[in-house]
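Step one of this worksheet: look at the structure below.
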Amino acid sequence: MKIIIINGPNLNLLGTRETNVYGAQSFDAYFASLKAKYTGLDLSYYQSNVEGELINKLHETGFDFDGIILNAGGYTHTSVALRDAIAAVKTPVIEVHISNIFAREEFRHTSLLASKCKGSISGFGMDSYRLAVESFL
Amino acid sequence: MKIIIINGPNLNLLGTRETNVYGAQSFDAYFASLKAKYTGLDLSYYQSNVEGELINKLHETGFDFDGIILNAGGYTHTSVALRDAIAAVKTPVIEVHISNIFAREEFRHTSLLASKCKGSISGFGMDSYRLAVESFL
Amino acid sequence: MKIIIINGPNLNLLGTRETNVYGAQSFDAYFASLKAKYTGLDLSYYQSNVEGELINKLHETGFDFDGIILNAGGYTHTSVALRDAIAAVKTPVIEVHISNIFAREEFRHTSLLASKCKGSISGFGMDSYRLAVESFL
Amino acid sequence: MKIIIINGPNLNLLGTRETNVYGAQSFDAYFASLKAKYTGLDLSYYQSNVEGELINKLHETGFDFDGIILNAGGYTHTSVALRDAIAAVKTPVIEVHISNIFAREEFRHTSLLASKCKGSISGFGMDSYRLAVESFL
Amino acid sequence: MKIIIINGPNLNLLGTRETNVYGAQSFDAYFASLKAKYTGLDLSYYQSNVEGELINKLHETGFDFDGIILNAGGYTHTSVALRDAIAAVKTPVIEVHISNIFAREEFRHTSLLASKCKGSISGFGMDSYRLAVESFL
Amino acid sequence: MKIIIINGPNLNLLGTRETNVYGAQSFDAYFASLKAKYTGLDLSYYQSNVEGELINKLHETGFDFDGIILNAGGYTHTSVALRDAIAAVKTPVIEVHISNIFAREEFRHTSLLASKCKGSISGFGMDSYRLAVESFL
Amino acid sequence: MKIIIINGPNLNLLGTRETNVYGAQSFDAYFASLKAKYTGLDLSYYQSNVEGELINKLHETGFDFDGIILNAGGYTHTSVALRDAIAAVKTPVIEVHISNIFAREEFRHTSLLASKCKGSISGFGMDSYRLAVESFL
Amino acid sequence: MKIIIINGPNLNLLGTRETNVYGAQSFDAYFASLKAKYTGLDLSYYQSNVEGELINKLHETGFDFDGIILNAGGYTHTSVALRDAIAAVKTPVIEVHISNIFAREEFRHTSLLASKCKGSISGFGMDSYRLAVESFL
Amino acid sequence: MKIIIINGPNLNLLGTRETNVYGAQSFDAYFASLKAKYTGLDLSYYQSNVEGELINKLHETGFDFDGIILNAGGYTHTSVALRDAIAAVKTPVIEVHISNIFAREEFRHTSLLASKCKGSISGFGMDSYRLAVESFL
Amino acid sequence: MKIIIINGPNLNLLGTRETNVYGAQSFDAYFASLKAKYTGLDLSYYQSNVEGELINKLHETGFDFDGIILNAGGYTHTSVALRDAIAAVKTPVIEVHISNIFAREEFRHTSLLASKCKGSISGFGMDSYRLAVESFL
Amino acid sequence: MKIIIINGPNLNLLGTRETNVYGAQSFDAYFASLKAKYTGLDLSYYQSNVEGELINKLHETGFDFDGIILNAGGYTHTSVALRDAIAAVKTPVIEVHISNIFAREEFRHTSLLASKCKGSISGFGMDSYRLAVESFL
Amino acid sequence: MKIIIINGPNLNLLGTRETNVYGAQSFDAYFASLKAKYTGLDLSYYQSNVEGELINKLHETGFDFDGIILNAGGYTHTSVALRDAIAAVKTPVIEVHISNIFAREEFRHTSLLASKCKGSISGFGMDSYRLAVESFL
C-alpha cells in the first residue's frame, strides 16, 4: 500500500516556527517515527512552498498511489488550482491540519480543498497525520 | 480510560435515513463492533434529539470522563448553547461527522462547535468515530 | 388516510397570543371543526415547544402516516436539525404558516425547512391548515 | 364570484418546457379541468410574457374581481413594479408557484411580491392553482 | 409583587464554568443573598438547558407574574422561538447578562430577544440581576 | 423649449392607488395645472407600464427635446436597460419621485438611474415635477 | 417666511475646492444673488465644519423657522446624530447636494439624513439651493 | 442552417449611442456584411427593447432554429425571466457582448443568462457576433 | 464618591423631542430628583452636541472620578474616537440608553462603545440613569 | 503573425481529468489539429502549473507576440499577480475557458483577469481556442 | 519649508493612554526632539479632539504649507468630512499611525482618508512621524 | 547591518510597465542609487514572480538578517502562505508599496500581510523603499 504525505508552504519550518502553535518537533523526526510504526506501509514524503509544485506532485502520485495525505498550509484557504488538482486525480486525498484551524483567524475557517477530499482531520497536532494514515487501514 | 460517544439529532435513524449519504449500518451495530475492538477502553454511548439534553449529558460526563466524541448533527451549525457547554467542561471534546460536511450545503460548512473542540474529524463514514477513539490512545 | 398536524413553539397560545396577528380562535377549537369537516380522514394533532420533541414526533409518524402538516413556528428559521428530520422521513411534509411570513421581520423570510418539504402554504390564517389537508386529497 | 388566474413569463410553454420540473400537462388543459370542477365560479385566465402587460391586467381586474391568482414566474424575484401593482389594487392577490421555489436556485428563494399578497402557495404542481381557488371559498 | 429569574443553558454551572468570565459564586448562593436583600418581594428562580422548557416556563409565569428576569445564555443569539414567547406573554421581561456580551465573540453582539424585552442589562457580573430587580421597584 | 414628463409603472393609478402615500390627485389633473402655469414651455406627457416602451420613448425624445423628466416608478431600482437608455440619449434627464423614497423600504433607497441623470428630486409630492420643470429654466 | 440655509463641512471652500466638481462661484456670492431674487423671504445662512454646531443650529432654528435647507456635506453619509436632530425639530428640512452624489463614490450613495427630511434635491449645482427655496413657496 | 441574432434594449442605437464604447457602425450595416460573408447560412435578425418580446422571440425560434445568438443588453444582469426562456427552449443559445462587460460597472460582471447558454463571447466589438456564428460551424 | 452623567447629542431636547419615544420630562428636572435621592453621592452632569467636547470631558473626569455614566446618543453607533477615549481613561464607564435601542432602526443595534464600557443598560426610560448609579453602590 | 496559447494549472491533464466536464481529447492532439488548420500563423504553446511561471511567460511573449490566448484555469479566480501581468504587457490577451464557468461553482463566476483582457470566450469546449485564434484574424 | 503635524482625538493622552499600545512618551517631548533633529525645517504642531477643528486647521494650512502630517486617530475610519478636506486642499497630506492599524480591530483596517493622501506610514511607533518628515526631504 | 529588499510579481518590469502608475525608472537603477546612499549598510536585493520562491527567500534570510523590506505586489492581497512565512521568521519585515494602494481598485485595499509586518509604507513611489531603510536606522 503506497501512501504519500504532501506538505505545503512553511511546514518545512516545523519545530522552528511559532512553536506555541505547531510544537517543537521537526517533521523529519516525526516522519521517521511514523515510518517505524507502520512498517507494512510504503510511506513517502514531499514538501514544497510552491503551489504549482504541489500540483505537479499530486498529478505524479494521484493515479497509482493508494492514498494522499495533504496539509496544504496557507494554500488551503486560497487555491482553486489545488482544489482542481485534487478533483482531477484518482487517488483519495485526506486533508490534515496540525492546529485547530477553526480556533484561529476567520479566513482559516474556509477550506477550498475540503469538499474535494475524502475526509478532513484537524487539531491533533502531529498526531493528525497518524490518524490520516489510520483511515487508510 | 472512560470515553463517551454523544450523538445528536436524527442520528438514531442511522441505517434508515438517507442511506446514500450515511450508509446502511445502524449505530448500535457499529457501536458493538467498536466496543469489541477496543476492549481495554470503557466506552459508552448516548443519543438525544433534544439540544438541552445533549448539554445535560456534556455537563454530566464533562468533568470525570477522559474523552467525549460528539456528533452534534444539525446543532453543529446553529447552537451557541452547545458551544458554551463544550467550553464549560474539562474533558476534551472531539467533533466528528460521518459525511464530508464541506461537500454538502453551504450552511453546513460552518461549525459553531469546532473552535471549542480539541479536534475535528469528518468524512470517513462510521470510521470517523474509530479515528476519534484512536486520537485518545 | 392518516394525517397529522404538528405545531411548534408558542402555537399552544393561539387565541391568547398576539391576536392581531394570529386571530382569537384557539387551535383546539379549530382542530375540532377541521375533523368535523374531513370525517373520512384519520386526522391527529401534536404540539410541543421543544425542538427535539418535534423531531421525535416526525420520526415516529414519518414512516407510516400518509401526510404531515408542520407549522414549526420560530424553529422554521433556525433549525437545521428539523430540516434534517424532514429529509430523513418518508412521509411527505407540508409547511404551513398562519401569518404571511414574508410581510413580517426580515429573518422570517428564510425557511430552512421549505426546500425539504413537498410544498408551502402561508398567510391564510387558520385556513392554511385546511388548504394543506386539501393538498393530500 | 369572479376570479382570474394570471400567468407570467414562460408559463405559456407548460407541458413543453422542462417537463421534469413542471410536468407534461399544458395549462389550457389544466384550466379546462379546473373550470369543470368549480362550475359555480366565474373563472378566467390571462398569460403574458411582458411585465408591463401583467401590470395592466392587474390594474384592469384589481378593482372589481373577487380574487387574483398570480404566478409571476421569473418576475417574482425581480419586479418592484409588479409588487407596486399588487399593493395598488383592491382585490386580494394569491401568489402561486408550481415547483417548490425554495428547493431551486438561491435567487428564487426571495419573492418581491409575497409581502404584498394575501398568501402564498408553492410546490404542489398544477394543484397549487386549485388550492388557491379553494382559499377563496 | 411576584418576580421570577429564569436562567438558560449552562448557567447551572456558575461558579464552576469559566470562572475568569463568570466569577466563582454559584447562582444558588447568589440567589439566597438576593432574596435576603429584597424580603418584600416574592422572588423565585428556574433554570433549564432545554430551549422549549424555557418557553414553557415563560408561558406559565408570563400572564400573572409582575416581572420576568431572563438570562437566556447561548439561546439569546439564536432563538426566534424564545423571542416569540417573550412577545406572546403579558409580563414585562428584562434581559440580563453577567458578562459584557459586546466585549466577546462577534456572534454574541446580536440579541434576537432584546427588541421584545422591556430593557437590557449586561456586564455587571451577578449584580446585573440585582439591577434588574431594582428596575421593577 | 420642449420638455416631456415620462411616467413609469402604476403612475396611471395616481389619485386611486395608496392615496396616503401618493395623494388623491390624478396626474392628468395635475398636468393640466402645470401646463397652465408654464405657458411658455412646450410640455408633453407620456405614461406606460412597459419598461421597453419607456425606453422607446426615451430614444424617440432623447435627441431633440430640451429636457426629460422621468419618474420610472418601480423600474428605478431594477432596470439596467433604462439606465443604459438614459446614458445613450443626448437630452438631460431629471429623475423625480413623488414620495421620499429614502423613507420607504430598503430596496427603494438604491436608484440604478440616478448616476446617469443630471439631477434627482424626491419627496415633494406632485410638486417634485414642478421643481424639475423649474430646473430647466 | 423665515428660511435658513445650513451648510456643513468644506462648503466654506466653494469656489476654491475641486472646482471641476463644485464650480468656481463662492457661496457668499451665490447667496447674495439668491436673496436678491427672493426679496419677499427672510433668508439667512450659516456654515460650520463642526458636526455638533450644525446640530446646535438645527435646534436653534428648528422650532420657529418655516424651512431649513441643509447641505450636510460629508456628514450626510455618517452622522446618526444629525439625523436625530432633524427628526427632533419641528421645521421641515430639505436635503440638498450640489453635485450628483449618485455619480460619485459608492459611500456617497447612502444618506443617513434623507429619510428624516421632507425631500431631497441633488445634482443641479448651486441651483439645487434655489429649487429648495422654490419648494417652500 | 437557420441562425438568428436577437438584440436587446438600446442596441437599436448602435452607431449613435456612446460611440466610444460601442463604435460608430450601425447594426444594420454590420448585419449586411455578416450575411454577405456567410452566404451558406440562413441568418436573420430581431431587435426589441421589450423584455417580454425577447422572450416571445426565443419561444418562437427556440424549437426549430439551429442557433440563437443573444445580446440581451441590460437585461443580461437583471432578467430571471429571460434566463428561464433560454432554459426552456431546445435551440442552443450563445451569449454575446460587444464591450468587455468585466471592465465596466460592477453590476455588469454578473450574467443571469450565462449559466443557461451554451457559451459566452464578450469584448470583441461587433466581431463578437461573427465569432458566435463561427461557433456553430 | 464622584460620579458624572455625560449626555451626548440631542439629549438637551429631552422633554421636547419625540416625546412618544423619550418621554415628556426634561433632563434637568430628572437630574434634580436623582440628586435628591442619592444625597450621599457627588453627582454632576454635562451635555454637549459636539463629539470632541464629549471626548474632552471624558479626559477631564476619567482619571479621578469614580464613575462615568455615558449616554452618547447618535455617536454611540458611529464614533471610534469616543470608543478610544473610553478605553484611554481609568474611570469605569457605564453606557445607558433611554429607549430600547434594539427595538429601533437596524443601525442602532450596534454600539461601538459597549465593548469598552464596564456595562450597558438600555430601555428603562429615565430610570436607566438611576440603575447605572445603583451599579456603583 | 505570432500567437501563443498559454495554459495554466491542471490543463496538462486534459483528456485524463474529469472527462465529463472537459472531454477526452488531450491538448497536444488538439493543438496539432489547430496548427494544421491555421498554417499561415506562427502558433506556439506553453503550459505550467506554477503561477509565477505563467507570469514569466507573459512577460517573455507580451512585448513582441501579436496575440496571447490564456486559459489560466483555477488562477483565473484568485490571482491578482496574473492580472497585473496582463495589464503590464503590450500584446492583447484573450481569456478562454473550455467549460461554461458560469454554470459551475459560484467562485468560478468571478474572473480577476477578464477586465484586463481584450475579450473572453467560454463554454465551447476545445473550440474556444479556435474562436480565440479567429478573433485575431 | 513649512510642515505641520496635525494630531486627532485622544492623541493628547500619549504617554498616559494604553501605554502598551502607544508607548510611554508624551507627544510634546517627542515633538521637541523632532524639531531639534530637523533644524532646517519650520515644523509646527496642532492637536484637537474636535473633528471640525481638524478640518478648520487643514483649510488654514492647506494652501501655503509645504506638507501636512496627519494622524487622525479614530476619525481615520469614520470621517468622510475629513476626507473631503484633504481632497480640497493643495498641500500634500501624509497619513501616519503610531500602531500597526492592520494588527488591531477589523474596523481599523479601513481608512477613509488614505486614498486622498499622498502616502501612508503606520506601525513604527513615534518614529512614523519622523519617516513622514523624511518623505518631504 | 544586513537588510534585504524582496520584490514580488511584475516588479521586474519597473520602468517598462504602466509607467503612469509606477514611474519610468528600473529597479536596478534605483537600487544602485540606494546602495550608494547607504554605504554603511549591507543591502541586498531579490526578485521573483513565483510565490513559493518568495517564501523560500523569507525563510533563508528571516533568521539572520536585520531587516526585510517586502513589496509582495499582487500577492499582498491574496497570499495566506506569505503571511504565514512572515509570521514564522524572526527578522522584522516592512511592507512597502510604490503606489498608494488605497487609491486603486477595491481589492487592493486589503493586505493579508500587513498585520504580521512591523510597519507599512505606501504611496511614495520608489522613495517608499528609502523610507523603509530609514526605519531600520
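To keep things simple, chains are lettered A, B, C, D, E, F, G, H, I, J, K and L as they appear, and every chain counts its residues starting from 1.
Criterion: a residue touches a chain if its C-beta (ideal position, glycine included) is under 8 Å from a C-beta of that chain, and two chains touch if they have at least 3 such contacts.
Worth saying up front: this structure is predicted, and the values here are computed from it rather than measured.
The minimum number of touch steps linking chain A to chain E comes to 2. Seen as a C-alpha superposition, chain B sits on chain H after a turn of 120°, to the nearest 5. Averaging C-alpha coordinates per chain places the centre of chain C 46 Å away from that of chain F. Rounded to whole angstrom, the centroid-to-centroid distance between chain C and chain G, based on C-alpha atoms, equals 54 Å.
If you average the Cα atoms of chain C and of chain K, the two centres end up 61 Å apart. Contact with two or more other chains is made by residues 50-53, 78 of chain D. The complete set of chain-chain contacts reads A-B, A-J, A-L, B-C, B-E, C-D, C-E, D-F, D-H, E-I, F-G, F-H, G-I, G-K, H-J, I-K, J-L, K-L.
Put simply, chain D touches chain C in their complex at residues 100, 102-103, 109-111, 114-124, 127-128, 130-131, 134-135. On the chain A side of its complex with chain J, the touching residues are 50-53, 55-56, 59, 78-85, 87-88, 112. Taken together, the chain I residues at the contact with chain G in this complex read 8-10, 12-13, 16-18, 48-53, 73-78, 107-108.
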